[in-house]
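What follows is a pair of complexes built around chain A, which joins chain B in one and chain C in the other.
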Partner chain A sequence: MSFADGESIRVRDLDKGGHVRAPRYVRGKRGEIVHLLGEFKNPEDLAYGEYERPTKPLYRVLFRQSDLWEDYEGNSDDTLVVDIYEHWLEGA
Partner chain B sequence: MSGNGHNHDHPHPGTGRTATPHALRVRAMEKLLVEKGVLTEAEIQDRISYMDSRSPANGARLAAKAWTDEAFKERLLTDTKSAALELGVDASGPVEFIVVENTPEVHNLIVCTLCSCYPRAILGRPPDWYKSFEYRSRAVKEPRAVMREFDYEPPEGIEVRVHDSTADIRYMILPMRPEGTEGMSEEELAELVTRDSLVGVTEVGRVR
Partner chain C sequence: MSGPHDLGGAKDFPGPIDKSQHEVEDWERLTDAITTALDGKGIKTTDQHRRAVESLENYGELGYYERWAAATEKLLVEKGILTKEEIDERAAEIKREWGGE
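Then we have the complex of A and B:
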């Protein structure tokens, strides 16, 4: 599974506790891949001393603010970019 | 019980450390880490010195150079660490940097909703408000209202783009060069660049 620049994605709403980095406010939301940032160790492993687990691809993902917040007050073309590890993403 | 060899009910002048409950807890943890051989006092001092040597002035110099040297700007935007090193700013370390450029079309703002991720290796420690729950929760949801509180109103029709530093990348903003600065030197330009404009809660002001 990998995603191309510009590809439409949805952030998976994984029921995962502990040290996770995918913010709640983007879970279940549609966005667009900006680009791949590279391979990084997964903080969900590192936080628990699992230093040898495989790296994960990390993407910059762009959202329209109006897709994130029902009552967003800014311009309709305001956006937000979050860095998200691949296992939190699915095609949309 | 502290590293100073006596019980504490007073701050030590000149150490910059106060005896708040949090500070005491941190010092107790520090002492334990040293006792258990995880860290040495020297490593802790090195880290403090490293942080103290960083400041928003570094970001200001990078921005001013980028405004006056198009090739440098390209390098700053595409390979921030090596561009920073050209000006003697050592941002090497495990985290990556991305500099995002403000344009007439897009104004950028950085936040870390999870904690306090900040381009420390360039700018030093973040201001307290950057780490506040209020900023972290509001910057993503109502960035324009937050900027208004910093006396900045992005021009009509401009896209506001928030960058939430959730992972291994630290973001810094390259503000727009203000009008009326055509004849200014790099040093004079650097004087105009504020920390807050490098975070994006405001933009570098027009020179009157």
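Then we have the complex of A and C:
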């Protein structure tokens, strides 16, 4: 699975405890792929000393602030960019 | 489940942030130095350190470097480099030598 620039995605709401790297306020939210940042070791593995696990694609993902916060009072064009690993993303 | 580090967007918790400053104390410098040295020697990593900090049961009661010290202790015990008894014993010894509260 890989995503193209501009593709619409949703952040999966993985029921994953411990050291996770997708902040909870983006989970379940729709966003848009800005671009692929590259392949990196997964900090969610590294945090437990698992250094030999495969690398994972990391994407820069754009969200509209008004999609993230129910009562967002700022400009409706405001956006937020979060770096998110591929296993947290699904097509939307 | 989110850990205590994943607070973005949480309402009414943890409350106002205490932004007051204080002079850095010697034990804080030492904690920073030991933690950084252990990383430099490849004994632990930043990702492990973060995970250990986040998993502290009393996270909310500890200051920044108290978390670092507790996390370093946790990792050293986890890796079998020191035991909790050895650490407690040495701490008691230092307290006897240098006096305590």
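Just so it is clear, the second predicted complex is superposed on the first by the 92 of 92 C-alpha atoms of A that agree within 3 Å, B and C clash if a C-alpha of one lies under 4 Å from a C-alpha of the other, contacts with A are read in each partner's own complex, and residues count from 1 in each chain.
The definition used in the following text is that a contact is a pair of C-beta atoms (placed from the backbone, for glycine too) under 8 Å apart; a residue touches a chain by one contact, two chains touch by 3 or more.
Here the structure is a predicted model, which means the values were calculated and not measured.
Peer 1: Please work out whether A:D83 is in contact with chain B alone, chain C alone, both, or neither, and reply first, second, both or neither.
Peer 2: Only chain B is touched by A:D83; chain C is not.
Peer 1: For A:L46, select first, second, both or neither according to whether it touches chain B, chain C, the two together, or no partner.
Peer 2: second
Peer 1: State whether A:G91 touches chain B only (first), chain C only (second), both chains, or neither.
Peer 2: In the superposition, A:G91 contacts neither chain B nor chain C.
Peer 1: Now for A:G74: first (chain B), second (chain C), both, or neither, which partner does it touch?
Peer 2: First partner only.
Peer 1: Counting touched residues of chain A, say whether chain B or chain C comes out ahead.
Peer 2: B
Peer 1: Based on the superposed arrangement, let me know which partner A:G18 touches: chain B (first), chain C (second), both, or neither?
Peer 2: Second partner only, chain C.
Peer 1: On the A-aligned overlay, A:P54 touches which partner chain: chain B = first, chain C = second, or both, or neither?
Peer 2: Neither partner.
Peer 1: So chain A touches chain B in one structure and chain C in the other; where do those two contact lists coincide?
Peer 2: After superposing on chain A, chain A residues 23, 25, 43, 68-69 contact both chain B and chain C.
Peer 1: Hey, which residues of chain A end up touching chain C in the complex?
Peer 2: Interface residues on the chain A side: 15-20, 23-25, 43, 46-49, 68-69.
Peer 1: For a test of understanding, state which residues of chain A touch chain B in their complex under the given definition.
Peer 2: Residues 21-23, 25, 37-38, 40, 43, 58, 60, 65, 68-69, 72-75, 77-85 of chain A touch chain B in their complex.
Peer 1: What residues on chain C touch chain A, complex-wise?
Peer 2: It comes out as residues 1-3, 6, 8-9, 45, 47-48, 50-51, 54-55.
Peer 1: Can you tell me which positions in chain B touch chain A when the two form their complex?
Peer 2: Touch residues, chain B against chain A: 96, 113-114, 140-145, 157-169.
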